[in-house]
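Each of the next two complexes has chain A plus one other chain: chain B in the first, chain C in the second.
Our next item is the complex of A and B:
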């Protein structure tokens, strides 16, 4: 199903003598009131906060102009070098990438089992995956802390990688099973008839078609991990192991007079997720329909 | 032999996921149940031991903050979900229309979805703190909205809407795109206007998506701690403390694990009860 082709009844029949021009909608004013005005208002609500952060990040301290020019990068130098965002950023990237890899690999395995096999316990597995959505991470801080303490992973980025992967996994497996189910089994079967093993058939035939699914699941995992705050706050207390959200929360607390540093830290936190979001947003709606409809 | 190996394949594939869920989700829940019956405080290890139902008695009888946080949690979830449903549905209907620049408009209005709770706090503190905000340009007098008992609730609700509406809209847009276009055509042929098409075609088809979205988001908003923890810290005067925030504060700040576990159990029971009730009442997934 293509998500961009929308059948619009009552629009297509005007094309006659001037086919090069788009047919004009009949009730233009109604459309403006119904569509563009609310959309415009909502865009203002969405974008003004982002703009405000950018303004503070590039405006010299003490200035109050709403349109900063010339811009300065002094706040970025402060947060990156003096406050330690270079270290926080590196830690967040490590945790995010490892969790992305682990989540995606395990989601492909679990999703393949769910979509290609009818095995005893399959329904139970599905129910457990869905039930985990009701388990709040905040409520498990206490026992998880105890477990990671026993494992010697407190103040270690490993605890964050494990915890974030576990909380990313259930939805990722369901989502991935939807994407795999959308690839017809017959192509895989044909490869196996040609002498491929099941694994080789999967790698050679199915995996290339899973690109949108891999991008969607991987990006969700990365964004969730990048944004996770409470686990990092609870399991890591040494500053050289801080992740970006923890660093940012301390900037909010300690530098509340220095809004330039706060805003610059915010921009540093936002840039990676905004880039990932720009890639993933095309798959976002489609990914959710695939997971929800076929899961 | 070959068929035995074949039958083992799915179990091998799901085994890592099952192991991780068992070790880091199921076992912790069991241990929360166990700790809730214990005295366990990392700052006072000499007093650890079996407590029976003492933690629960303390919670239900002595702890006013428990009841207050429950009340605020209900208010918070109802306000957020009601407004997110309304705005999210409107937004989904708008970006489901075809117009020039729709792809860009979608990216922009959905973008706060990717922003973390802490970053949301950082951004909105720049708007709310006196002397920095945009209220100045709207000609409003600037006050400390987050420190004022009258304004703190609307302020935190609007902040969470900024981040919460996009995901609601994404879920509903996915539902909207599953409605066959012919149905609208048929309804238009039958002379149904825009409002009647919405009532009789769109809403019935969206029902499962709406039920699922409201449920998922309610659980999510119930459990949402990052934003309130960093934006208000539960204040002023603890009026914006939700139950999970209270638990997190107990765990992080006072290290009182026994009592925190009792609070957690209360949270589980409440969440489970309302989720089942909601699924029952909404008759989710039943054929109509």
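Our next item is the complex of A and C:
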């Protein structure tokens, strides 16, 4: 289905030529129907909830207009100052960034071992890693709580960083081993023949080629950590250590719901994730397909 | 470009490192002070109210520091269960009778009878609320000191319904007459999460049945009058209510009422502030669920919300002092005025703000009416929550959709409740 690029033979434009309008070919209409109409419909389907979120976030309480006018930022003030998003946002960034770094570094190390070394139990290890994905986080809450309590990590953002990293790691290691396997070992060997140690050879030759993989693994780790509600609530019992998902759940009380604040909180929570995706999406698509095909 | 990216990365890391330190400060209180932790079981909208009360408490008790933690209501039971299993409970926690038995079953709470007996608030808290708390646990002790109660009411828009219905017949007539095509509805049904409690409240108000179980321990849920009410209610669905009601939970229901397209909505006093925000205080009214054919008002008791001292607390006396402060006249009055609910402190019930709010006056009048009977749901049954949520909420949706007969639905629920009651009696006697 390669219909995206059509090169048509024709006269090249010469400087000074007046560009003249050619009648639009008939098949363009077909292309619009085949490509843009379904894409447009899909986009509307996907974006309508986001539109409603924006409308609720910026229109005054009690308004029922489908367009966000007049605009108010009172809900953003409520979530940022009254509910405490200023603190929650900072905590989410801290946990997200540290978890991203820890996951990526450990995934590279684990992935390298799995892709470059043949050892007894390697396949079993991979299967066990995969199996961990079937265990829901809620099942491990109490054991993890007890461990963190023994380590003095309860009420500390460290517990969230460790827990989220642990849960991010299995999939990240498997993905990363695929990326590393895609880089021929002979390249690394050549560097070692030229006098590099294994580490130096990895850093100089392999790591630069892992950029799409690092971005894919890192962004997954960040987004998963950013959205994790369960650990953020269970391992922390201090108001100044909660993260964004906990703050978001504050807007729905037992008997009342502040939809304006909920929507404004949703916008604040979604913006970093959307930004991350916007920046890394081209690497992400390439990274996922490379890891999947060559793993 | 590369240099900019590198600097951006360094900046993010610097923020992260700096912040991690501040976020991981140990939780000790200010030096020389006893620090107690208080978990609010409905964190969020109530947070500023507690912060104000804590400020007042600390000013009156300079040697005690209270650390407030707001727990989102949807996860509060799981949070308590995890904390109990991990041995890291707060000193004081907000608890309601709907999960009190579960906490007592895990031996997590300290009975407050001795403190309460010697306290200045003894004799000043509403007796029905105290009874409701004691009835919830097998040993009849006071594990929870009540702070507030709620009552089911029907909210309505005054411009659509000038006069509140007094009987169920008037209610059904109004629901029908206020429905106007294409999108004005006389009533909205809670068909999603939390539907069963509301249906129970309506059925018992209609039938006038005053006990949840008869003398032989059989559930009265499938009483013929209850079946009659449910049949009438199910007939309203899609005719005089929106079709989307089948999945209505309370936020959706309150939001729909906020659009002005629904004339009447059954909820409780707790959503008052949302309605005021949406319509303005002068445009909304509330009436207690109408009286049934028996002529006697019957009310299904809402869970009582209050405060409990946890057994794991190292500062139980300071914790009790805080609880005592929260249910004192001034604090209790302030808290309930801000949330629009009924104070547990009887002295606070006479405050002018309460009599000035018509919906609260309606509620207090209904509760204090000598003709009113209060039906206490069996919150003490460990299965009560699962029976009225996971087991029967989907079946109620089937009733609305016409896939299940009201009689069959109520027979199923009654059987489950009867079985649970028999099991409970076997263990606890009686």
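Here is the rule we use: the second predicted complex is superposed on the first by the 228 of 295 C-alpha atoms of A that agree within 3 Å, B and C clash if a C-alpha of one lies under 4 Å from a C-alpha of the other, contacts with A are read in each partner's own complex, and residues count from 1 in each chain.
Criterion: contacts are C-beta pairs under 8 Å (C-beta built on N, C-alpha and C of every residue); 3 or more make two chains touch, one makes a residue touch a chain.
Please read these numbers as outputs of a predicted model, since none were measured by experiment.
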A:112 touches, of chain B and chain C: first, second, both or neither? first
Partner chain(s) touched by A:233 [first = chain B, second = chain C, both, neither]: both
Chain touching more of chain A, residue-wise (chain B, chain C): B
Chain B versus chain C as contact partner of A:94, first or second or both or neither: second
Partner chain(s) touched by A:258 [first = chain B, second = chain C, both, neither]: second
Partner chain(s) touched by A:142 [first = chain B, second = chain C, both, neither]: both
Touching partner for A:69 - first (chain B), second (chain C), both, neither: neither
Partner chain in contact with A:43 - chain B first, chain C second, else both or neither: first
Chain C-contacting residues of chain A that also contact chain B: 138, 141-142, 145-146, 233-234, 249, 251-252, 256, 259
Chain A-facing residues of chain B, complex: 7, 9-11, 13-14, 16-18, 20-21, 23-25, 27-29, 31-32, 35, 87, 90-91, 94-99, 105-119, 121-127, 129, 132, 134, 137, 162, 166, 170-171, 173-175, 177-178, 181-182, 184-185, 188, 209, 212, 216, 219, 222-223, 225-226, 229-230, 244-245, 247-248, 251-252, 257, 260-261, 264, 267-268, 271-272, 275
Footprint of chain A on chain C - complex, ascending: 12-13, 15-16, 19-20, 23-24, 27, 37, 39, 42-48, 67-75, 78-79, 82-83, 85-88, 90, 150, 250-251, 254-255, 258-260, 267-271, 273-274, 277-280
Complex contact set, residues of chain A against chain C: 61-62, 64, 82-83, 90-91, 93-94, 97-98, 101, 138, 141-142, 145-146, 149, 154-158, 233-234, 237-241, 246, 249-259
Of chain A, residues touching chain B in the complex: 1, 3, 6-10, 35-36, 38-39, 42-43, 45-50, 52-53, 56, 66, 106, 109-110, 112-114, 116-117, 119, 121-122, 125, 128-129, 132-147, 162-163, 165-166, 169-170, 173, 198, 223, 226-230, 233-234, 245, 248-249, 251-252, 256, 259, 262-263, 265-266, 269-270, 273-274, 276-278, 281, 284-286, 288-289, 292-293
